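To keep things clear, I will list the structure first and then write my remarks on it.
By written order: A, B, C and D. Residues from 1 in each chain.
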Amino acid sequence: MLLSLMIFIPLLGMVAVLLLPRESEELIKRATLLFTLIPLALAVYLFISYDRSNGGTQYVQGPVPWIDAFNIQYHIGIDGLSVTLLLLTALLGPICVIASWRNIEKGIKAYMALFLLLETGMLGFFAALDLFLFYVFFELTLLPMYFLIGVWGGPRREYAAIKFFLYTLFGSVLMLVAMIAVYLNSGDPGARTFDIPTLIALASTEGHALNNLNFQIWVFLGFFIGFAVKVPIFPFHTWLPDAHVEAPTAISVILAGILLKMGTYGLVRINMAMFPQGLDYFTNGIGFWGNSLALLGFINIVYGSFCALAQTDFKKLVAYSSIGHMGFVILGLAARNSEGITGAILQMFNHGVISAMLFLLVGVLYDRAHHREINGFGGLGSRMPVYTGITTLAFMASLGLPGLSGFVGEALSLLGAYDKFKMLTILSTIGIVVGAAYFLWTLQRVFLGTLNPKYEALPEINGREILTLVPLGILTIVLGVWPNFAIDMFRESVTNLINLL
Amino acid sequence: MTLQHYLVISAILFTLGIFAVLTRRNAISILMGIELILNSCNLNFAAFSRFMTPSTDISGQIIAIFGIVLAAAEAAVFLAIILAIYREFGSIRPDEVDTLKG
Amino acid sequence: MESLKNIESLLYFSPEILLVIFAVAVVLLDLVVKDRESVAVAYLSLVGCFCTFAAVLFTHFSFGDEGPVSLFLGMIQLDAFSSFFKVLLLLATAATILFSLRSEELDARLKGEYYALLLAITLGMFLMASSTNLLMIFISLETVSLTSYILAGFLTHSPRSSEAAFKYITYGAVASGTMLFGLSLLFGMAGTGDLAQISGRLTELLAAGEIAPLAVLIAITFVLAGVGYKIASVPFHMWSPDVYEGAPIPITAFLSVASKSAGFALFIRFFYAGFGSTELMQAVDWPFMLAIVSALTMTVGNLAALPQQNVKRLLAYSSIAHGGYLLMGGVLLTSQGIGAILFYLVVYLFMNLGAFYVVVLIANEVGSEMVEGYRGLSSRAPLVAWAMVIFLVSLAGIPPFAGFFGKWLLFTAVLEQGYYWLALVGLLNSVVSLYYYARIVKAMFLEDAGEETDSVSFSTGTFALLSVFVIPTIFIGFLNIFYTFSNISVSVMPMQ
Amino acid sequence: MVVSLISIILLCPLAAFAIFGLLGLANRRFPRQDYLSTIAMLVALVCSFLLLREVVPNPEPHTVNWISLGGVTFSMGFYLDSVTVIMLIVVTLVSSLVHIFSMGYMHGDPRYPRFFAYLSLFSFSMLFLVVSDNLLGIYIGWELVGLCSYLLIGFWFEKDSAANACKKAFLTTRVGDVGMFIGMMMLFTKFDTLSLYGEGGIFAQAAAQLSTADMVWLSIAGVLIFCGAIGKSAQMPLHTWLPDAMEGPTPVSALIHAATMVAAGVYLTARMFPILTETSSLVIAYVGGITALVAATIAIVRFDIKRVLAYSTISQLGYMMLAIGAGSYVAGLFHLTTHAFFKALLFLGSGSVIHAFHAMHHAHDDEHEHAHEHEHGEEHILGSEIPPDQDMRNMGGLRHKMPITFITMLIATLSISGVPFIFSGFWSKDKILAGVLGRAMEWSSVHHYILFIIALSAAGITAFYMFRLIFMTFFGEPRNQEMHDMAHESPKSMTVPLIVLAILSFPVVNTLWFNKDYVKPPPQPHLHAPQHAYLSPDSQTGGQGAALSLFGVSEAFAAEEEGGHGTHADDGHHGHGPAHTIAMVLSIIVAGLGIFFSWLFYHRRTLSAESVATTFRPIYNLFWHKYYFDEFYDGVLVALTVWKSRLFAQFDGSVVDGIVNGVGTVTRDILAAFVGIFDNRVVDGLVNRVAQVTWAVGGRVRRIQTGAIQTYLFVVLAGIVLLILIFRAL
């Protein structure tokens, strides 16, 4: 019940916001903030009260019959992985609302309503235990995102929004085919199911139609492409830089912080757990296909990093860096051992936090200077010391400085992956150096050197902006110093997952 | 006269009708082509009814009669529409009525 | 199954009779009412729809519920399937009447005939949905066609409307002529006009080698021309963009929904009852033919819709594409396939009529049917704009809207039969379709209105009607009853 | 007790930093960050001394689980042995002194509090590195000191040269770090842990499990981990960042880039000593040796006082590496300690000199109008321009003006030059030379003597250039009278640390190293007996002995180490007396020669440096251009850039403008540009292309719809015919 409440409170908030008069903007913002804070409170409660020693799903609600004709059920519940990502989602919610406080000039009502809808979609996605429900929530995020980018975005927003939409839809129709295939093979007519736990059990039942290598390979591919677009994995990534660059700050934060995670979460929840044989085919290290997943991870890392290095747009740089960082997740998942998977999950969470910080920081600068050209700044370090300090923290976390959270996920992913894919992992470490290179180079061009006289009067970061950054910064440090804080949550879940493989 | 004779004639009528519909540059001629097509069908029905069904079953002839009625109705509507076309376009050449396209 | 005689049948025929009565009444009332601005005739026809609806329910639950009843010596059949379509068609008719009331495009002076014609066309469609005899099929088809030619050309001083009517009738006459020729061949081969018997006879004759498969193929293809023209499937679709663009918007809406539904009713009954035997399918692999036609239809419809600037025309192509999706269900020879078609038709009714209603509203207020006319609508008329978004997104098949569930059913059925390629074509098409739907959304939300920035206000009635379409579009997919409903309706179809 | 003391040592500087950080976030300043930091360091220093008594012979690590996964656990913990304690003392001591020195040196800087905050953070990180019992902890500290180094080199970030230098430092060391990380991955894959000590630690497992077959990968892993040290300790070929790092404030140079952080590489290598194989040891020895010689030769021709010291540091670090590679574990660490003190002293002394000149330089140098008062003038990356206050050609005769600075620096110079017996540097260096010679004698092939020759030459050159520095700075006539007049002795806060460090340059205070029981080399279980028979007591009798027991090796090795020294009563010592004696004699000779020539060139001026330079122009150029390392990195870069700019003409010149040196730039320009364009053109292009084609097909389909009804009808007819034909054929 608690979980349902958490998922649907933003939806309720959307209705409430829609009922408020368009003119009372402050009220709308406050209401939205309230309706995002409640899920946060619930998420924190869930996070605390989640039984860490038991990796199974908890707070299960359902299965409640929903669409009988297809045995579709309303079935939600959380395991360690979900609860971590739910916390991240719920945390970024209010942060984004605060970050949007002054930046959204037109149609604040519609913006906030869409944002709340988006939050429901994201929260529901991470809690869904029914494949159909899972898909519905997955798609539910599409439309608000399209509008949030398309209406409130930058100059090329239309292009970016439709590109995002089409790419994701392309991926998700393939996923849909795979999903229907799974459903049809789950049993005789009348006994078919979408229930994820049941399907996972069936898929490992000897002799069941789902427990068939060939079938699993194809279905794995279908789901994989769907999620790969979201992650994004090369070569499905080109929507991301455009979407990020055009989206307003808060939406970039959500995009990088949560939506990308939906892809990797799906990979873990569906591709890994449900199709272990398919996964094995792509990650057993034998031949081309056996290395393909790790290869994609490697390409993502190196390719994303080099692309980031070539960027002169601050936001695009951060966007490409996201691609690079998600590569570590893929690499870690491909390793299929506890280090790799834990690293990947940790990297998911950490990237959510760090990239959120980075996008917020870019937004702060953009709000002041109204451009994001890295070479157009210079020497801001002396003008905005606090801003510089926080940016340095975020950069260092992102480039994987030990002691900050980014390192742990990266290191664990690599350690896990090295066990299986020695050469690819070694090559992937290029990403570490390049990652340092582009961040430091950016730091130099924006903050170091002599102050660009144009920006002598640039105001320092203000309290509201710091407020959005501080919780993330604290998380970055806490998780860097004490990663068990997060790992405790999903250690058992990962163990369960590995037992399935 | 066997069934084949009727069928051949009907086929010729049908083909002529189609030919007229495709090639005539006058809406009235097209209408006539359509009438040919419909009549070929009627002929078929009547002939099949005569040769293929028991003599008590006259459903084919009935269909043919309905066909004639409907053909007449269609002709009426067609002519009315041709009038409207002539009023709006000043021509009843079908290839000149092509503002809607793409 | 014993057929009822003519007089006995009349009670079962009450919905159709009511339609006729009201059509006449509307004409008479029109003569009586002097006030040209009066909406009495429209409301009378609405009452007619309502009464017919009641009659449909009555006949269905009194007689048809227990199993199919054959009427008028086997001319038509009363069963769950036909009742389903009748309800659907009545909804479409009622909606069209309401649209017409609000459409400023239609000429007020001619309203009496207009509504009478609408009721008449509904009658024709009722017959299409229930006929089981070649004669009845032809008559009903022609009834629908003739009235729709007139309705398409109803705008007397609009060249576009006249052109639409001209093209429609020329095309329709040739297509139905071709179909009639095919029907005559069938009749000749089987020696009977009864669909159920045709199947058996043809099977026997084929087995005995008395007729050539080629003859059956020709007959089937000719019939397909007529049916394909009704449901606007490639290559018999070409009339529809022009007609949809030229016809008055309510009529376009009606044609795209009701005419197509009736066409599918006819198609399903014809192919399943008439050609459904295994031997026939061995001789002529019509399911495969339909699969190709279906793939072509959705692809052509979607691709041609991409560059359209006129929203009506764009929706015309979109409706062609939807015909393609629907045809997928017909390929399968399973009750799931048919059930999916029926469910999708319900969904399609709401979302497509909704979209056309918005087009009517915008045409009234902005005076434009072009995509540019929709610019900045989000700020000028936000509710209407959002409603349009819901319809379009649902048409594109994105959850959680009903269109998704409709597609879901179709694709599940297709995949279940192993037509992976067809499902993939369909899904990729739905991605393409998003692109042109999004163009309208883009115009409404992402582009500025230019100099015209006044907000447009609509009456409460408008919003009420709009919500009649919006609410089902959002919720139908979540309600079990519709799935059950469509599945029950299918249960009467003979399946191999 | 141990844990709490170490915790205090770590927490003190961390707290000092945290207070600054929290206040900084609130945009406020802690008024007395300097006192806070300094006191924190002093407390840590006291605790470090207290720890001296806590050292036990076979310590167990004190660990907690840091990351626990299903099957694997990564623990964090402290490991306290004699080396740890000594390192702790060195770090806290030098750090405290640098703190005190900075209170004078950095006085008046607008970012004064921040400087101390960074110093605190650095101290914490360095101490963390030192006490960590596992590779992960070491790596964490390793990267954190890198960060601090970055922040401190770029402390005056308004200077472009500083901004470049800090980035270069971070990136160059990160290249090495990646190697180290790969090495860690290899070890982890094998041992499932990254803990070094204790049961189940890498060393215990390695001793128990590894066989000859494992030597190949273990060698690779060893070399890879050493890569980290190459980066951090500025060994060839990743040494170029260290001279540039002199852009940072001089106290930073003393603390980070001379005494502690750069020595961390040596410390790491020493920590990994038990798993170094024959091959990896050799690689380490050669890298160290070549670095020692090359850097020393470069130092001869520098005029920037800080750069001379920087190259000297590189050279000395190479020395230490050489020692450890040659198996002289104790000697390497001993030299690390002594070097920390005298090199810190030299840097602080140079800082004192710069400080003396600086006030004047600032007062008179109006042409440098920069945002920051500490602007030291534009120095080109390649060092062709030297800030006047660091240029030794402007100095001379300062010994009267700055007596304390002069005397303390002289002591340090004597120490580094290896002047016998009374200076600590002599003992440590001598020990290295003895170790290397001893090793060379035992190595099967003769050519490893080259290591000894290298070491010896480096020692001589060191003596030469260090005295060159002293002569040019403190002796002779003032070359720039105006500057000379302005110079003055530094304030007490700066001279007191100098004096303390000078005292530390005498061997008395380094007694711990002479106690052979206190610091013992750890065993190297898998160095196979045949190659290392010389270590065993039997080997003197020429026996290529049988495989040794673990215990035997360690005992023997310890005996060799201490025995080689020969200055203490040592009952276990029979070993390489001859080797040691030879080494000592030779080292005294080369040091003497070096000082003598230096005196001839730069004091007596009987020989002219210029004429020698002219005579040996090519060699001089080689030295002057630092063996063209920077030019090589740059040259490759430029050539490729030209090629690139033709290839990707539209990729704007801004990238070229932003060129810094280093291989990093090559990749940045070429690969990144290519990848960026690839992404835009190919991947995105492909997708857009699909969209275009779809659209175009849409246009075509649309064109069929001509508007002429008869065309439509024709399509119907054609469609029917086609369908019939197709299905007829089926």
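Simple rule for what comes next: contacts are C-beta pairs under 8 Å (C-beta built on N, C-alpha and C of every residue); 3 or more make two chains touch, one makes a residue touch a chain.
If you're wondering where the values come from, they're calculated on a predicted model, not measured in any experiment.
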Q | By mean Cα position, the chain sitting nearest the middle | A | A
Q. When the centre of a chain is set as the mean of its C-alpha atoms, what distance in Å lies between chain A and chain D?
A. 38
Q) Between chain A and chain C, what's the gap in Å when you average each chain's C-alpha atoms? A) 43
Q.
Averaging over Cα atoms per chain, report the distance between chain B and chain C in Å.
A. 26
Q.
Rounded to a whole Å, what is the gap between the Cα centroids of chain B and chain D?
A. 97
Q.
Touching at least two other chains at once: which residues of chain B meet that condition?
A. 18, 21, 94, 97-102
Q: Mind pulling the residue numbers of chain C that touch at least two other chains?
A: 166-167, 170, 174, 178, 241-242, 307-308
Q.
According to the definition already given, which pairs of chains are in contact?
A. A-C, A-D, B-C, B-D, C-D
Q. Once bound in the complex, which stretches of chain D touch chain C?
A. 694-695, 697-699, 701-702, 704-705, 707, 709, 711-713, 715-716, 718-720, 722-724, 727-728, 730
**Q.** Contacting residues of chain D [partner chain A, same complex]
**A.** 21, 24-25, 27, 65-72, 136, 139-144, 147, 150-151, 154, 157-160, 162-164, 166-167, 170-171, 174-175, 177-178, 181-182, 184-186, 188-189, 370-371, 654, 658, 664, 667-668, 671-677, 679, 683-684, 686-687
**Q.** Touch list for chain C against partner chain A, complex
**A.** 378-379, 382, 389, 393, 396, 398-400, 404-405, 408, 411-412, 415-416, 420, 423-424, 427-428, 430-431, 434-435, 438, 441-442, 445-447, 477-478, 480, 483-484, 487
Q.
Looking at the complex, which residues from chain B come into contact with chain C?
A. 10, 14, 17-18, 21, 27, 30, 34, 37-38, 40-41, 44-45, 47-49, 52-53, 57, 59-60, 62-63, 66-67, 70, 73-74, 77-78, 80-82, 84-85, 87-89, 94, 97-102
Q: Name, in rising order, each residue of chain B that touches chain D in their complex.
A: 18, 21-23, 94-95, 97-102
